[in-house]
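Shared between the two complexes below is subunit A, which pairs with subunit B and subunit C, respectively.
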Partner chain A sequence: MSQALLLNLLFFLLGLPLVSAMLAQFISEKYRWLNPLIAVFLLLLTTITGISICVAQWNEAPVLLEHTWFSLGNYTITAGFYINNVTLVMVSVVSFISLMVHLFSSGYMAGDRFEKSYYTMLGFFTFCMLGLVLANNILLLFIFWELVGFSSYTLIGHWREKAIAAKAAGKAFVINRIADLGFIAAILILYTQTNSFSLTEVTQLTNEFWRNAAAISLLIAVMGKSAQVPFFNWLPSAMEGPTPVSALIHAATMVVAGIFLLIRMFPLFSPEALDIVVIVGSITALLGALAALHQYDIKKILAYSTISQLGLMLAAVGSGAYGVALLHLFTHAFFKAGLFLSAGAIIHVLHQAQHTAHVHFDVQDIRNLGGLKKMMPITLVCFAICSAALSGFPMLSGFQSKDAILVSLFNWSGNSWRLIFTWTVVVSFVLTIVYSVRMLWYIFFATAKKTSLLRVSEAPGILRIPIILLSLCSLWFVVSVHPLEYNGWLLNSIQPAKHYLFITWLSMILIPTLSVIAWWWYKSKELSRVYPVLKNGFYLDRVYDKAGKNTVLTLAYTAKKSDQGIDGFIHVLAYAQVTFAHLLAWFDKWIIDGGVNGIAWMARQTGALARSFSGGKIQTYIFWTTFTLIIFLFWILF
Partner chain B sequence: MQAYLLSLLLIIPLAGALVTLAMPSTSKQFRTIALAISLLQVIVLLLVFSHYSTQQNGLQLIELKPWITLDMGAWGILKANYFLAVDGLSLPLVALSVIVILIAVISSWKIEKSPKGYFALLLILNAAVIGTFCAQDFLLFYLFFEFMLLPMFFLIGIWGGVKREYASIKFFLYTLLGSIFILIVMIALYLSTQSIGDGELIIHSFSLVDMQDVNNIISNSILDPQRNVSILGMSARTWAFILLFIGFGIKLPMIPLHTWLPDAHVEAPTPISVLLAALLLKIGGYGLLRITYPIFPDIALELSWLVALFGVVSIIYGGLAAMASKDLKRLIAYSSVSHMGFVLLGVASVTPEGSAGAIYQMVSHGIISTMLFLLVGVLYDRTHDRMIGNYSGLSTKMPVYFTFTLIAFFASLGLPGLSGFMAELMVFLGAFKSGSTNYLLHESFAIVATFGLVLGAIYYLWTLQRMFFGKFHVKSGINNNLADVDLREKIMLIPLLLITITLGIFPQLLLDFINPFAEAFSSSILESGKTLRALLQR
Partner chain C sequence: MPIQPLYILSALLLSIGLVIVIVKRNAIMVLMGIELMLNAANINLIAFNQKTPQTLDGQVFSLFVMIIAVCEAAIGLAIILQVYRHYKTSVPDEVTELKG
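For the complex of A and B:
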């Protein structure tokens, strides 16, 4: 494709969601039904553009399109696009998932009071996320990185009357901000060392110390955005936002920006730094899966599952197989968005049913659900496909990407201490199967609990279409034609992975077996008690509240106190001066006035002056004393 | 025409003040006059821009006329000039002043208490602020600087809130103290500076340009580095630097000289808060960049770490104090303290990035703080209450107001894509780079300063959460029939919003002006600083 055409298409790609965002603000209340229509249409165009660019540019040499942006010191900073296969995969994923979510939202958010700002922010988010993956330099990338965080903030807090949502939104933003200090530090290091922000130039950094420092700083930023230990607690809280938002931002796109960043900056990471990446990732994978197993809220299960899966992607990058990480990012985007949207459909349908039946219970709590198998068969099929993909069932995309992760991790660890972390990941795989089955069982197959009070029917078509499409995209063929082969169109063009047939065959047998065991286990017993420590996400919230929030607040009040101290000092000073002025006035009145006539004239002047001080104008007094002081100073100096 | 543009910018408001004073106090037209004056200034400003060349470095649009010449016998000849000019430091601040004053006039539209005096003072203040930014002669600068003080004192003391007398006196005392320090240094500098090209008789000079030239230091004068006068164990030059630093630090304000600011802000009426935050604070940063650093580069190199330390402390302490504030206006006042800390840090780095960032931050903070104080004013106009805890769920009642506040808060907390972020980033880059290029500051200064970003996020988002989210509720006794932002308020807010976004996305628009200055500034400080220190060691 010619560069001029490509550039135009890219502007088109970025412009469409932005136009969608702006139009939503300008459409009057009377024509509010137009909002979703326009948004979906524009996003459809975005997706078509995105996928066309992807197809046309696939396997072409990387393209760098840039333009002078501003100059700093003697250096010129450019802004523009950097496009290689990784970018193209991201562009297609982001635009397609965004389209699905827009489509779903048109049913899910219909009649919402703040629909306008919802579509504005959703469009704005899509724009920023596309900008993030296209950016040619690290500063531009960071700008979009923060802007997607801002969109996430406003969308989590979308239901403004819900106080808990606002709290969750703030928490998400602040925790990400803390982690982003790492990003800023990395920018500072890279700029100082290379005098550039350009992705291609900063990754050439040779000084070993600064290279590692930059890599670790970036990792901290990634741990925030991709919800890794110890920053992950913002993600489960973020589930207070509308469910389509969770699907788009908190599962498929924004949270994987961290993985994308790692892939982009991969050359910067030394083997030691990569080991740290695996350690962080594998621990998160395990903890996330453990916590997911002990949640009652559907969205929280999915949130912890996302945390765990993001950990897997980190582990994959750390093992050196960034292509595999991208593959899992790609497959995960579809099945996790599918799961979230299915959950959204269930929530939507149950809410509607509650309205007609005048029964109220928490529809997200799996203890209240059950028996939806007969009521929502299509949703069941989609949900089952997506959760099977999540647990890595053969014939589904999840199997291929997870298989690739396992193989690359075993390659990475060999026979060293690293095996601990590889096995940590294996355990998290097993747990993933268990919580997927648990979720599926209690929502659809268990005997209906409170849902039996409701008359539930299948979700409306507008909600079903995106779910069906997403579960279709969770089948094996999105990765490669061969259902057991992960080196398909994606990996072959980015970074082919090695094979280890033993692992592939073993997991093909083990995963279904384990699923059946888990199924049988949940079938035979009541919903087990959960461990509070896991349900509450290892009390990370409480730790932050106690250690972080309280410390900061104490410091804040100390600052306030010390301000009062400074003021107190100034007041004492002022009173002392006023008192002194009174004394002077007295002295002037009774002693100097009785003196010689010649002096009396002067005394009257100073007296008048001094008397004015007692009226409260001590400032003049200070002025004169200091003036005297200056004269005195000159007198001694010369 | 071109030769008088800057004077015109000063004379217009002064003439306006005279006209205002001549009119009967029953007239209703004071605000119209003030608005017309501001609009005229905008036109003149555009002319200034059209005659200013970004290709050319140094002072432009120079107006230099002899002002005072006095033969003082043994003391030489006293000479002060009427010397106005702009460069990459002055021009952005002059432009900011013109814009902010225009907004302040619109914001004063509903002043009912003796409008004659109010607008007269506003116009005098207007001239003084612009004069301060244009003056290139120390005496002239000082004159304008002091001239700002009185109108401000009365504007707070008469049109302010409940504790207005306390606040205005505190403001006056602090600033006066700063003025005295600056005065002392000015006299010392005057005694130590000659203008070049004269015979045997020494001609003393107040010109800032002369003072910046190492060759103009009169040998054996008090500030001659070779004479090395020592006062209380420190050299006279160090004292002079510190006095200037304190003098401008009070204006900035930096911790611990800042306690006048929250009180002045809380008590001042909205337009005056706007002027105070957007313009008067900038004079502190301007003074550092124009006077303190260029005239004492040797000491600057020595004490930059101290300046940066005060900067970092201001950033962190200001953020913490903002968090503990219960009054919305006080919170924003403290956030100003925090943001002006970035100016200190940027200047202290003596790098092109840092000094450009400092100037960028001054402009950006000028725009953003104007927006913030206007937004507080919007709420205060309706309810006469600013306590954060008295409100909840405002976003459902006033959605447009919420949108403006949301963007203004995020602009202030440094969201990328908005001007504040660009400025702070440049400051960080400069401060961090200083550690490996000119070795003035350790890298940790920049890293610690970044925590200010987290604090900003915390106090702003917490405020949003408390005031705007949740179910709508106001404390009983407060008017709960809240109308959303009206047209006049939108006319003020939207341009500011657009400027913030534009400067956030296209920094080159401003950097075109700032960069030449910033580069010349940092290289000349380093060079002449080294020259002077070499003199000292000889």
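For the complex of A and C:
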């Protein structure tokens, strides 16, 4: 593809979601039914553009389209697009999932009060996310990084009248900002060391110390965005947003921006830095899976599961197999979005049913659900496929990517201390199977609890289409033709991974076995008690509240005190100035003005005196003449 | 006959005439004041003539003054009459056509 055509297509790709965002703002209330139509249509065009760019550029040499952004003295900052296979995968994933979510939203969000701003922010988010993956300038990337954070903030707080949603939005925003300090530090380090903002140039940094410093700073930013330990607590709270938003932003695209950044910046990471990445990732994977096992809220289960899967991706990057991380990102995007949208469909249908039946309970709580197997068979099939992919069933995409992760981790660890973390990941795999089964069992197969009060029917078509498409994308063929082979079109073009047939076969046997055991376990007993520590996400919120809030409060108090001191000083200064000004005013009024006025007054009086002699009265003339004459006589005579 | 009282009389008359001229508003009264002043001069002329009684310069001069006073009075009254006809007033202060 010629560069000019590519550039045009890229602008088209970026422009369409932005146009969709703007149109949603401009369409009047009267034609609000147009909003979803236009948004879906424009996103369809975006997806077609994105996938055709992907197909056309696949396996071509990386393209760098740069243009001068601005110059400061001798420094010229360039901005542009960098297109390689990683970017192309991201572009197609982002545009496709965004299309699915738009389609789903047109059913799910119909009649919402803030539909206008919803579509605006959804389009805007898609634009920013595409910009983020395409940008070749670290500053530009940072801008988009912040903008996707902002879109996430507004969409979490979409139902702004709910105090809890507003609080969750604020929490996500603040925690991400704190982590983003790392990004800023990394930008500063990279710029001072390489005098460039270009991603292709900054990754060439050779100085060992600064390379590691930049890598660790970037890792902190990634830990915030991708919800890793210890920053993960914003993601479960973010589930207060609309479910399609959770699918798009908090499962498939925005949270994986961190993984994408790690892949883009991979050359910066030394083996030691990569070890830290694996440690963070594996611990997150384990903790996320443990917490997911002890949630009652469907969306919270999925959120903790996302945290755990993001940890896996981090661990994969850290083991050096960034291609494998991208593969898992790719497969995870489909099945996790599918799971979220299925959950959304269930929530939507149950809400509708509640409305007609006038029964009210929390439809997201699995303790209230059950028995949806007969009522929503299609949703069940999709949900089952996606959760099987999540737990890594053979013949599904999740099996291939997880297999690849395991192999690369075992390759990384060898026989050293690193095995601890590899086994941590293995434990999290097992836990993934258990919580997937638990979720599936309690929603669909357990005896109906409060759902028996409702008359539930299958989700409407507009909700079903995206779910079906996404679960189809969770099948093995999106990775490779061979269902047990992960070196398909994606990995072969990015970074082929080594094989370890033993692991593949073992997991092929173990995963279904474990699933069946878990199935019987859940079938045989009632919903077990959950550990409050795990249910509340290790009380991370409370820790932050205690540690963070007190520090912040002390800081604020000190700041207030010092502010008062400064205020007092400023007040004294102000009073002194006012007094001085009053003095000046007095001086001005009485001395300077008085002098000038006095002179004027004297001139006026002289004038009046002089005038009074010639007042036009004959007798006055005579009087003065005589008077003068008398004076004259006196002068002469005496 | 002592001359001193005549000086005083003349000075008084002149002063009274001057005061009348300055103070009185009516033009006729002003004319009368002028008459008084002229007559004060006449008294002076006659009184000084006593220093050289052999000549009659003073008396003759005072006769001249009387004649001139009569003329002056005639012309003055005529002017006042004309002014009165034209402005319907004989008060010079009210004749203010020249004043800006």
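Note that in this section the second predicted complex is superposed on the first by the 562 of 638 C-alpha atoms of A that agree within 3 Å, B and C clash if a C-alpha of one lies under 4 Å from a C-alpha of the other, contacts with A are read in each partner's own complex, and residues count from 1 in each chain.
Convention: a residue touches a chain if its C-beta (ideal position, glycine included) is under 8 Å from a C-beta of that chain, and two chains touch if they have at least 3 such contacts.
All of these numbers come straight from a predicted model, not from anything done at the bench.
*Asks:* Which chain makes contact with more of the residues of subunit A, subunit B or else subunit C?
*Replies:* It is B that touches the greater number of subunit A residues.
*Asks:* Give one of first, second, both or neither to describe whether A:Gly111 is in contact with subunit B, with subunit C, with both, or with none.
*Replies:* Neither partner.
*Asks:* Taking the superposition on A as described, I'd like to know which of subunit B and subunit C A:Pro271 touches: first, second, both or neither.
*Replies:* neither
*Asks:* Classify the contacts of A:Ile178 with the two partner chains as first (subunit B alone), second (subunit C alone), both, or neither.
*Replies:* The first partner, subunit B, only.
*Asks:* Which holds for A:Pro532: it touches subunit B only (first), subunit C only (second), both, or neither?
*Replies:* neither
*Asks:* Just to be sure I follow: which residues of subunit A are touched by subunit B in one complex and then by subunit C in the other one?
*Replies:* On subunit A, the residues that contact subunit B in one structure and subunit C in the other are 616, 618-619, 622-623, 626.
*Asks:* Would you mind writing out the residues of subunit A in touch with subunit B in their complex?
*Replies:* Touch list, subunit A to subunit B: 68-74, 114, 117, 139, 142-147, 150, 153-154, 157, 160-163, 165-167, 169-170, 173-174, 177-178, 180-181, 184-185, 187-189, 191-192, 552-553, 555-560, 563, 566-567, 570, 574, 616, 618-619, 622-623, 626-627, 630, 633-634, 637.
*Asks:* Which stretch or stretches of subunit A touch subunit C in the complex?
*Replies:* It comes out as residues 616-619, 622-623, 626.
*Asks:* If you look only at subunit C, which of its residues touch subunit A in the complex?
*Replies:* Listed in rising order, the residues of subunit C that touch subunit A are 18, 21-23, 30, 92-93, 96, 98-99.
*Asks:* Can you check the complex and tell me which residues of subunit B touch subunit A?
*Replies:* Residues in contact with subunit A: 169-170, 172-173, 176-177, 180, 183-184, 187, 222, 229, 256, 259, 262, 317, 320-321, 323-325, 351-353, 356, 393, 395-396, 399, 402-403, 406, 410, 415-417, 421, 425-426, 428-429, 432-433, 435-436, 443, 446-447, 450-451, 453-455, 457-458, 461-462, 464-465, 468-472, 506-508, 511, 515, 518-519.
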